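This structure is in structure tokens; I'll ask about it shortly.
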Amino acid sequence: MNHRGGWALIKSSWLSWMQYSSFFFILVFGWMITPLIYMLVWSGAAGTGTLGGLTSGEFIAYYLILILVNQLTYSQTNWTVGDVIRMGDLNHWLLRPMLPLYNPLANEVAGKVVTMIFVIPIASILAVVLRPELHTTWDKVVLSLLALAFAWLLRFFWGYWLALLAFWTARADALLALQDSLVFLMAGIVAPVWMLPAGFKLAASVLPFRFMVGFPVEILLGQISRQDLLIGFVYQAIWAVFAILLSAFIWRLGIQRYTAVGG
Amino acid sequence: MRYLRLIDRFIKVSFVEEVSYRANFWINLLHSLLNLITGVLGVYVIFGQIDTLRGWSYAETLSVLGVYLTIQALRNLFIGPSLDALAGMDGEVWSGNLDFTLLRPMSIQFLASFRRWRLFALFDLLLGLGVLVYAAISMDQALSISNIAMFLLTLLFGAGILYAILLAFSALVFWSPGVMFMWIFDGVFQLARYPLGLYPGWVRLALTWIIPVGVITTIPAQALRGGLSMERLAFSLVMAVILILCASIFFRAALRRYASASS
Amino acid sequence: MPSLSNSPVIFVRNLTKTYRVPERESGLGASLKSMVRRSYQDVKAVQEISFSIQAGEMVGFIGPNGAGKTTTLKMLAGILYPSEGAAQVLGHIPWKRETAYLRRISIVLGNKSQMLWDIPPLDTFGVLGEIYSLPAAEYRNTLDELVDLLGMEEVLKKPVRNLSLGERMKCELVAGLLHRPAVLFLDEPTLGLDISIQRRVRDFLCQYNQRYGVTVLLTSHYMADVMALCPRVILIHHGKLLYDGRLDGLAQQLAPFKLVRLTLNHGISTTNALDLPPNAEIIEQENSHLTLRVDREAAPSAAAYLLDKLAVTDLTIEDPPIEAVMDQVYQEGNV
């Protein structure tokens, strides 16, 4: 492992991204707006009562945390991996004396820092203006952070193996768009997962998408039974390991093809 | 006459361009269907929990979504792609190819608005109209001819308002190229998927007066259900005319500014 | 010198263009700081340039990168507003961008394309025919003629993205000339092309100019382009006009030295064995051949000195090659 090189990469990506910081702020604005809409719709719908077990203020808390989690786990890097492969920039990755995975990881870390500079102040302002209600305990916070870490791992590698399909097809980014749609439907953005119609709820509890965003938020808000929590962690871990193995496998096949064809 | 002949030519050329990427057809189809499904489910899930939302029934809310999808399809038919070729991510303002466009002996605004067509959007138009028809049938009250006439008029005005906003947002790119104003607008326009009445007062005000995207979809939907006063109709018309005029002036100023500041 | 009897097609007086560009330093702190406040700097791209060009002239517009060539070209095409000064092309003020003016000019940029990428050139030409509202018969004739002159029959129906760089440049030329402009601005038309296509493009421009008397203002980094096409050149550097006149006068005026080529009747073993005139500098040395650089005024005396001191079988005095002169001007930035 080449940690010095990795750190230098993170720093240089961050520097070059700060040059385009307004670009990222605008990107993030676009990503935040969808959950914000559903926050307004649901908290408005709850009115003075409760809906699906949540009050208006709790909906606001749910969505504010969801926005943070969504931004922390959303892997914008994977959108560029396909371009890197198609345009031949991959050669630079392969020529450096370090694991190629360091490059997207450095991008990912740098991107997170840049986007958080924007997201955290906005979320804080919204929290002051909209007055969320949050009742939680320390053990939930800890479990939620654990779930968040897994969620990032899962979402990054799930997107990574999809992006690596660019070795074979020029339109792998269509699959990333499909993933975004499925996350919207099943990861608690359109509505908290427990409020989805039965069929969707079942699909969400088995498929990986809920574990990329909604799961840590549910834990923090305490909207999950002890048994479901355990099952959820098992599913999340299985999907994360699966995504990592699949990424490694596809990378190996892809590199074979790439070097055989010559880029 | 000359302009009509040009439009005819633009459509034909765009068609040839589009069919040169056959694989895109399936991806477009996938995108269109996903867009429809996420939109409808967004409404369906909410009304799985409650019957009316601040005075809007399921069918009425669906009709707003129908208007949204229809207007988006109209936009993506030519205004969107044309303005994108000018001010989008790989647009002429960025690449510098604007020089050629500026040298055309004709109205630049016409060129900027009509030169690219995306005929696949006709399929989206069908889907949008389908949602509208379904919503209209599911409504409690029967449709009158006058309601339909009012609806079509306000839809037209709404499309005009959208055109004016898009033109103005494209013109902004001349001031700071590289900022994705269209992405910001798209984020805000997402709010128009739902009736204006669903949102808190300050959002409603902003969506009526600052960036009047709410007017674009909510007023036609009100016309369809029969709750639209003549004043609202006139308001829509006046707003459309004023905005189109202002946007044209602004666009011209932006072109002048480009000519005096760029390199 | 252009005669005063007929008024010039292009007339430029004290044309000036100043840009404001944001300043940016490298490093972490600076990038954070620049988000808050940006400092600007005025850059004078073009400074008080004056010249005029007669109908049918082909003029080479030369100077190093960033000299202000493209900026001037764009002002004359009407894409840019000048900061100060005046210009008239074909009796129009370019930056008013009147339709009547735009119909009579054209610009071809070597590094930018007006072709639609995914479709055959013929379709792009069709669109241009409509935009310039050319009558069908005229469009047909012009297209046939241009295609014939450039020998590009076979590329008309292939998508542009599948064409080679040379084929694409031919398409750009056709696209630029379809409406038969009276004034043609060419910015690096041979950029990145191989030698044989470069020659083809030059031959075409020469022929086209003779046939239709189109006025051409051409910028190029390849002096071969300028030498083949332009009897007259305008040299600018750092936005200022340095030279305007015949190409063959350029070296005389700009290079303060001459080259003396010698052939000796014996091989040269070591340099210190040679007795050279003062201030002569050896540029090349191979077997019995020697090339020296001497001051222009000192050339005759240097030649006499050499003939006197060395066993010379052949001696010539010549102007330095145009590329070498340009290189010197570009580096020193003055005449």
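By letter and in written order, the chains are A, B and C; residue numbering begins at 1 in each of them.
FYI, contacts are C-beta pairs under 8 Å (C-beta built on N, C-alpha and C of every residue); 3 or more make two chains touch, one makes a residue touch a chain.
None of the values given here were measured: they were computed from a predicted structure.
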Farthest chain relative to chain A (centres taken as mean CA coordinates): C
Middle chain, criterion being Cα centroid separation: B
Separation of mean Cα positions, chain C and chain A [Å, integer]: 53
Distance between the centres, which are taken as Cα means, of chain B and chain A, whole angstrom: 29
Cα-centroid distance, chain B relative to chain C, in whole angstrom: 46
Of all residues in chain A, those that touch chain B in their complex: 20, 22-23, 26-27, 29-30, 32-34, 37-38, 40-42, 44-45, 51-52, 170-171, 174, 177-178, 181, 184-185, 190-191, 195-197, 200
In the complex with chain B, residue positions of chain C that touch it: 19-20, 45, 71, 74, 77-81, 95, 97, 99-100, 102-103, 105-107, 109, 112-114, 116, 118-120, 123-124, 126-127, 130-133, 159
Chain C-touching residues of chain B, taken from the complex the two chains share: 2, 5-6, 9-10, 12-13, 16-17, 20-21, 95-97, 99-100, 102-106, 111, 256, 259-263
Chain A-touching residues of chain B, taken from the complex the two chains share: 23-24, 27, 30-31, 34, 37-38, 41-42, 44-46, 48-50, 53-54, 178-180, 183-184, 186-188, 190-191, 193-194, 198-200, 203
